[in-house]
Amino acid sequence: MMVFIGELAVSALIVIGAFFLLVGSIGLAKLPDIMRRLHAPTKSTTLGIGAILIASMLYFALFLDAPSLHELLITLFLFLTAPVTAFMIAKAHILRDRPTQQALPPTLCGTGWATLHRPPAPGERDGEAPGAGRPGP
Amino acid sequence: MSIALVALIPLVGALLAPLTIRSGRNTCALTVGAASLAALVLLLTHAPAVYGGEVVREHVAWLPQVGLAFSFFVDGLGLFFATLILGIGLLIIVYARYYLSKRDPMGRFYAYLLLFQSAMLGVALSDNILLLLVFWELTSLSSFLLIGYWRHLPEGRQGARMALVVTGGGGLLLIAGMLMLGNIAGTYEISEILQRGDAIKAHPLYVPMLLLVLGGAFTKSAQFPFHFWLPHAMAAPTPVSAYLHSATMVKAGVFLLARLWPALAGTDAWFMIVTPVGLVTMVVAAWIAFFKHDLKALLAFSTVSHLGMMVMLLGIGTPMAAVAAVFHILNHATFKAALFMSAGIVDHEAGTRDVRRLGGLLRLMPVSGALALLAAASMAGLPLLNGFLSKEMMLDTAAGTSYAGLPYLVPALATLGAVFSVAYSARLAFHVYLGPARDDYPHRPHDPPAGMWGPVALLVALVVAIGIVPPLAGPVVARTAMAVIGTGELPYYTLAIWHGFTPALFMSMAAIVGGGIMIAAYPALARAHGAAWRPEAKAMFDAVVERLVAAARRVLAALHTGSLQRYMVFIVATIVAVGFLAFYAGGHGPGGRAPLPASIPAIVGWGVLLVASAAVVVFHPDRLLTLILTSVVGLIVSLAFLQFSAPDLALTQISVEVVTTILLLLALNLMPRRGVGEPSAGRRLVSAAVALASGVGVAVLSFAVMTRDIASIAQYHLEQSKPGGGGTNVVNVILVDFRGFDTFGEIIVLGIAALAIFALLDTALRGASARRLDAMRQEVESADAHPLLLVVATRVILPLALTVGVYIFLRGHNLPGGGFIAGLIVAIALIMQYLASGYAWAAARARLDAHTMIGAGVLVAGLTGAGAFVFGAPFLSSSYDYFHLPLVGEFELATAMAFDLGVFLTVVGTVLLALFQISRVQKRAEREPVPEGPMDVLLHSGPPRPVARTARDEA
Amino acid sequence: MSHWIVAPIILPAFTAAFLVMALRHDLARQRIVSFGATALLLAVAVGLFALAGDGAVRPYLLGNWPAPFGIVLVLDRLSALMLLLTAFLALAVLVYACEGWDAKGRHFHPLFQFQLMGLCGAFLTGDAFNLFVFFEVMLIASYGLMLHGGGAPRLKAGFQYVAINLVGSTLFLFAVGLIYATTGTLNMADIALKAPQVAAGDVALLRTGALLLLLVFALKAALVPLHWWLPTTYAAAPAPVAALFAIMTKVGAYSIIRIHAMVFGPEAGELANAAEPWIVPAALLTLAVGAIGVVATRRLLDLVAFAAVWSMGSLLVAVGLFGPRGLTAALYYTVHSTIATAGLFLLADMVMRHRGQLADRLSSAAPVAQAALVSGLFFLAAIAMAGLPPLSGFIGKLLILDAAREAPSAAWVWSLVLATSLVVIIGFSRAGSVLFWKTEAAGAGPLPAGSAAPGPAAAGAPRWPASAVLAVAVLIGGTGALTLFAGPATATFEATAAQVLDVRGYVAAVLGPEAAAQLGGAPGVALGR
Amino acid sequence: MIAVSCMVAIACISVAAVLNVYRLAVGPDALDRVLALDTLVINAIALIVVIGIWYATAMYFEAALLFAMVGFLSTAAFCKFLLRGNVIE
Amino acid sequence: MEYLIASGIGVLTAAGVYLLLRGQTFPIIIGLTYLSYAVNLFLFSMGRLAIDLPPIVDPAAAGYTDPLPQALVLTAIVISFGMTALTVVLALRGFLESGTDAAQAERDGGVTGLAERSER
Amino acid sequence: MFARVLPHPWLTVTIAAVWLLLVNDVSAGHLVLGLVIGVLVPMFTGVYWSDRVRLRNPAAMAGYVLVVLWDICVSNVQVAYLVLFRRGDGLRSRFITVPLDLRSPEAISVLAGTITMTPGTVSADTSADGRSLLVHCLETDDPDGVVAQIKDRYERRLKEIFE
């Protein structure tokens, strides 16, 4: 019985993980613009992998008598890196896409968004480079 | 050794000449004269033996594998020639001392001249046909130097080159001929070859061999149709012309025919080839000589004509003809050398050698003039002079010779040659020396110092002496002719002025009459000759060479276009072709190994690979896209390694992929981001065909291999990995132990790559490269060079990644990992830091001396390997043991780990050095100041503040 | 097992690492250390040459693993000869380079030492994959050296050199892969042992591997149609590097001898002499292309480079004859061609150094500095290269022609060798007469369009340091010595060729007499260990 | 059951990979492709883990770990390239 | 599986060769990278394919794949990395020096020189 | 002194833990080794992480982690729904600006990371002065609500932990 529950849990986690991975990739393929596409893989894949990693830990602990937690490390690294990836892609997109720049909300302080902001330099240009983000009120 | 010394002494003289010239021209001339004299004396010590019927031989091994030896011998022929060379050489040395002006570098002249003399003596005295060949080519080389002695004259340079090409080329034929001859005869020693004439003549390769040997001889002796080079060699100083181009070198071809006469002559082939060549040369050259205006050219063509006569005589192949040839060689040497020197005197005194501007010199320089007239008369074959005697013998022989069933052909042509000979001699006499004295000379000629006419006088004395008392030459001619003919007895002949009313006498008289008519009719003949078309040999030769060069240039321009694209097509197509041919040469069968079933992910991965590869081919001008696609392929390759039980490879591929991508991105930033596609459909097609063929070939090969089994040496590695190498990861044990030497080489490759990259980029901030960097226009850039999230994530990931690196390093011996992968991980972690915070900021915080890392890595690995020497074991012998520490427990230490540490250090050093160097260069291209790290978002300050600008450059 | 066998590899490696670590900012000391190490290398090479002179094949088991499981180095006459040649050349070239070339960029000396390491490794190794590794060491060091000093033409030529050689390296791996796949081993002796035993159905694979490997070596040896890289590279390389590269092409020739005359030589069963039909025709083409290049070029460096191609053609003709006499001739020619080519490149540098903008263009200019000396040396080197007596090229030519006598291709070999010799003579005589004879008053020479200033007058040009002249003189003296002692030298090469062809002896020494017995026939007379 | 779920997972991941390749091929922007590559790497990590379960071996774990740890750096570098041109400045 | 690997190697080779035959340095470098993928897989496949038989000595292992080609491939990967790095830098340096990334070698009057008067 | 040897004590602990996870073996030997590495590695990397991170309230971290994990699960389901059952161009996506009270870069990064991993939001940029965070919402009509939720659910907790 225990074995069955274990198998069930492992199997379920594997399938769930795989499902979210698939969803992430579907989102990547389906969503119409890059900012929206960014949502799907960065989230779904993390949970997808997370579930599969838990399944792996369970499986090794329950069935192979080789308890291991090192799968946590993969999760750790993915959690550390996925936001960075998304952040970088978003920044690059903002820089490269004029309509997106226009759609940006203002910041709530004196400077623009970091990607676009050109700090004024004494003796050089007064103001900002073309396409710089607008400072808020 | 004394025979060899005869040839060597002048060589020593040649070396001394440039040294002694510093002590003055007389010292120099005396030195070289003494050398020649010494050689002559030494040579003549052999004369008694030779005239006693002996053949003196010497033999020192040189290259027995081919038959080349320092073999020398003196027989009648050799003695005769060597004496001629040295005797006339001495006269030339004296003559040249006065002939050369103060501006001419005399040391060099004598050096070349004695070099030539040495080579020529070698030709005369060699008892080995290959050794003879060596000296033969040396005469060509030294004559090249002598003809080009006056380097400021274009005629000199061109004449020298032409002579070298013709005679050197003939020498190449002779190489082939001599090798064949030696092989046919079974020996390369001349004295033995001469014994085997019958066997040689019966050999099936006799005719081709003969043709090659004759090719060598005819070019050297300027025989028709190779006669054209000799007149152009007259650009040389007159002593050179007198020596090389009348007395000695040009006679080398004749000498060769005489030397090999017993072995080669007497066959139909010999007669059918040699006789007509000589005959035609004799007639044609004499005809040309008659019309030449340059005194030396006239003499040169007359020389060619006389050489033709000698060749013809030797070609006839009868002993009598050979005697005539020998006698004429002697006579010709005397009168022709005298004439050349006289021409030099004329040139020297009158300031011109143009026959049309000369005349009546006998009155102005009576001594020289008289001597020259005597020599010219001998050349014409007038009685009481030695030229008459040998010409009579020639005509006599010719009269008895029937060629191809035509009994009158040879005599008629011989007579014609004699007519022309009289004619040009008469022209020389009448148009230069006789007649009224002219007063339009550049400066008034008079007799030169005795040093110049003395040698001429000596020669003319011989001319007259032999002419009046022919038996004086008797022993010489007899001994020499005996040597030419070989073992046989000499034919009956007498050296006498009067032989009765022989056909030769009538032919001779006809010649004198005919010559007289010709000189009388000279103006008319010259007009006719001037009007007629005649082949200009030099122009033709030049045209041939120029065409050769032009054709070569066309071929070269068509082949070596400098286009790597074309080179690659040739290379890859060759590889493919050879590969296919090799495979289809047979020996293939179906494999017996059962294939593995394909899995879904494998098929998907395969599909991804296909799509990415196809896309990269189509979209390669978009270089960023290319890199992304390449990363995809790298990912698939890593997965393939993993799928097929190669975790180490997968780990390596994953890490290498990242580093490579960053490296390419770094480079791409400074290079055009878009390439141009291939505009030519033809080239696309060719590329595609070659690519497809390579792909198919490689696929077939790998499939064939994978479907068959073998036993490999790896079984040993699997068995010995743990007990012998102390590790369970067999791949790692192979890398650091079984085949640690490969790895040692491999890290050195990395280290060298780093050094080379450093050296390459070290200069990138100077010159054209720096200007280009300065002029680079950046695209719109983000203001945020060091994004916050990246920086903070790196703060955590860096230590963790280093930890993983340590882990991968330590486990490598037993589980997938090892120094290389660990090194890459650590390098990647550091790159991440630099990428996040910027180079300047990060470098300012921790100095990573990549050079030292690389050097240390190689040294650590190498010293670990060399440590085995201490135990008397070979390089890289490893050792391991298990240790126990409280708390930590049992652990293993292996020397292989120290080796792996070297690997690790080198990898880290290399990656860092490469990337940082590029980054350093990039800095020059920055238009805007790069914000200082670690991050650009300003958090701690209240109001916004501008980024620091001043500190950006120096860090 | 003499540990000295590994010394030619690790000595330069340690030297280079030390130079990088400790002396990278001190050129003067780098020179001293580099020279000392190279001189030591020469001493070691002489010692090893003497050692190998007893005719024994000496394996050196790296890591003390038995062959064929570990990597072995093998010292035999052939490897010892190549080591000696390398060290001799290296020392002369290094002396010349220290005259100033080494200061024109970074890391000359470490790269030079690494290059030596790669060369020595390639000559010593008895393992097919290890040969690949040393090829790579040698090549990548050569890339670094070739690019030493920079400049756009050199960089462009360098890219071609690198790209083409990378194709070669890739091909090497394909070939070694196939050989491993069919024989299951990498050790050369073991491959020789297994090659005749390969299953009938696998022969095609092994043959493909062997012939692809031949192409790799042919690429290194600049055999037409794989020669494209050589003229561009050699002409663009710094002079001492081009001189050192004279040995690089010989590595290709050496490898063909080692692998295709020995391992896949007469005893290789189905594969016996598989390379034989390919080499001679290609070598004859090489002769033709080289000669065409010599007569066609307008620049001295190109001329010398094509002469190098031509001389590789001659050498490979001899290699392609395969028999003992062919190999003997090939070995003689290898030594000759290496020294003569190197000497010519150094001389070309001496000639062009003081010609200003004209550089090595074959057009008249002011006389070069120390014209008598330089032109005299050039004349000798050209004689040696063109194969005229009395220098070694002539002896080499005799040996080759003699060896080719019985070959089916004899007529072709003879005619092409001799005909192209004539063309080369024409090329050299034209070049020499323009460079040294057709000189003009200082500074008055016609200049190519676009050049700004005339070359410096020879009178004002500095004299060549004795060391540089000595380096060149030693090389040319080497060809002289090779001529004078042609008999003993050839006897040595004969013994070497015989040893190469005695694959049983090699196998017996490396793998033991029992293994050699598997090859059938009587085991060789190798004395081993 | 576990085996079946592994097969399902492998199938899902394979389909996911195909979708990634679709995005990779279609783009339209370089960033889309970078994102697709990043997602492909994550799917690869999952595939490795699932196959580890399937074969009941921990041998492939480090490969997954390495992908997770360094794979993102390629993505970051591509973005940095698009943001600043110079990747390491 | 063998079909997939063999054809995959073939495709990589073909793509690599095609790029190698372009006239600019960058595609050539990419082509060489593809060729090195291909040859690494090829060399790897010389040990034949095996699934889940990593060459890590383990008493429980069902068998091992051939470790030797793996070691060779590893060496080859490392070397090709070094080569790639150098080639990239060389291409970059050549571009900076000459302003073009054409893989054309030129040397006026040299092997590829066209217009210079003939000397006699 | 302490700060030089142990610039980031929590990092040392993390590294030791990571080491144990890596070797997959909790033995005394590995604990010691892990700690040694945990001390040595930050000594080297410390130069790149000059500001010291103070965890004011480590205990609160556990709560935060649980909240975030839960939100991740929820967000995944939400996003899955949106991806699978909504037309992509029908999604009401927009950027919003989240004003930041957090000042430490680590804290801001954790917040930004959290936002990316949780319901329908991705952190896209910061303002140049670090006082605002640009967030992209996949589907929302109520930007202010999202901002409020972020500030309340995450930023408040992070402020407790870090500042």
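For this structure, a couple of remarks:
As written, the chain order gives the labels A, B, C, D, E and F, with residue 1 at the start of each chain.
Simple rule for what comes next: a contact is a pair of C-beta atoms (placed from the backbone, for glycine too) under 8 Å apart; a residue touches a chain by one contact, two chains touch by 3 or more.
All values derive from a computational prediction rather than experimental measurement.
The chains in contact with subunit B and with subunit C alike are E. Among the remaining chains, those touching subunit A and also subunit F are B. With every chain reduced to the mean of its CA atoms, the largest distance from subunit C is reached by F. Chain pair with the larger contact count among C-E and B-F is C-E, by C-beta pairs in contact.
Distance between Cα centroids is largest for the pairing of subunit E with F. Between subunit A and subunit B, the centres computed from C-alpha atoms are 67 Å apart.
Distance between chain centres (mean CA atoms), subunit E to subunit F: 41 Å. For this pair, subunit D with subunit F, the centres built from the Cα atoms lie 22 Å apart.
Centres computed as Cα averages put subunit C at a distance of 62 Å from subunit F.
For subunit C, the set of residues that touch two or more other chains comprises 129, 133, 136, 140, 143-144, 147, 150, 152, 159-160, 163, 167, 174, 177-178, 180-181, 186, 231-232, 293, 297, 430, 438.
Looking at subunit A, one finds that residues 19, 26, 38, 68, 70, 73, 76-77, 80-84, 87-88, 91-93, 95, 109-111, 114-115, 117, 119 touch two or more other chains. Contact with two or more other chains is made by residues 18, 22, 24, 109, 112-113, 123, 125-129 of subunit F.
If you draw each protein chain as a dot and join the dots that touch, the picture is not a line, a loop, a star, or fully joined; it has some other shape. The complete set of chain-chain contacts reads A-B, A-D, A-F, B-C, B-D, B-E, B-F, C-E, D-E.
The touching residues of subunit E, counted against subunit C in their complex, run 20, 25, 28, 32, 35-36, 39-40, 42-43, 45-46, 68-69, 72, 75-76, 79-80, 82-83, 86-87, 90-91, 93-94, 97-98, 103-111, 113, 116-120.
Across the complex, subunit A is touched by residues 780-784, 787-790, 793, 796-797, 800, 936-937, 943-947, 949 of subunit B.
Those residues of subunit E that touch subunit D in the complex are listed here as 52, 54, 56. Every residue of subunit D that touches subunit A in the complex is listed here, in rising order: 1-2, 4-6, 8-13, 15-17, 19-20, 22-23, 29, 31-32, 34-36, 38-39, 42-43, 45-46, 49-50, 52-53, 56, 58, 61, 64-65, 68-69, 71-72, 75-76, 79-80, 82-83. Listed in rising order, the residues of subunit D touching subunit E in the complex are 55, 57, 59.
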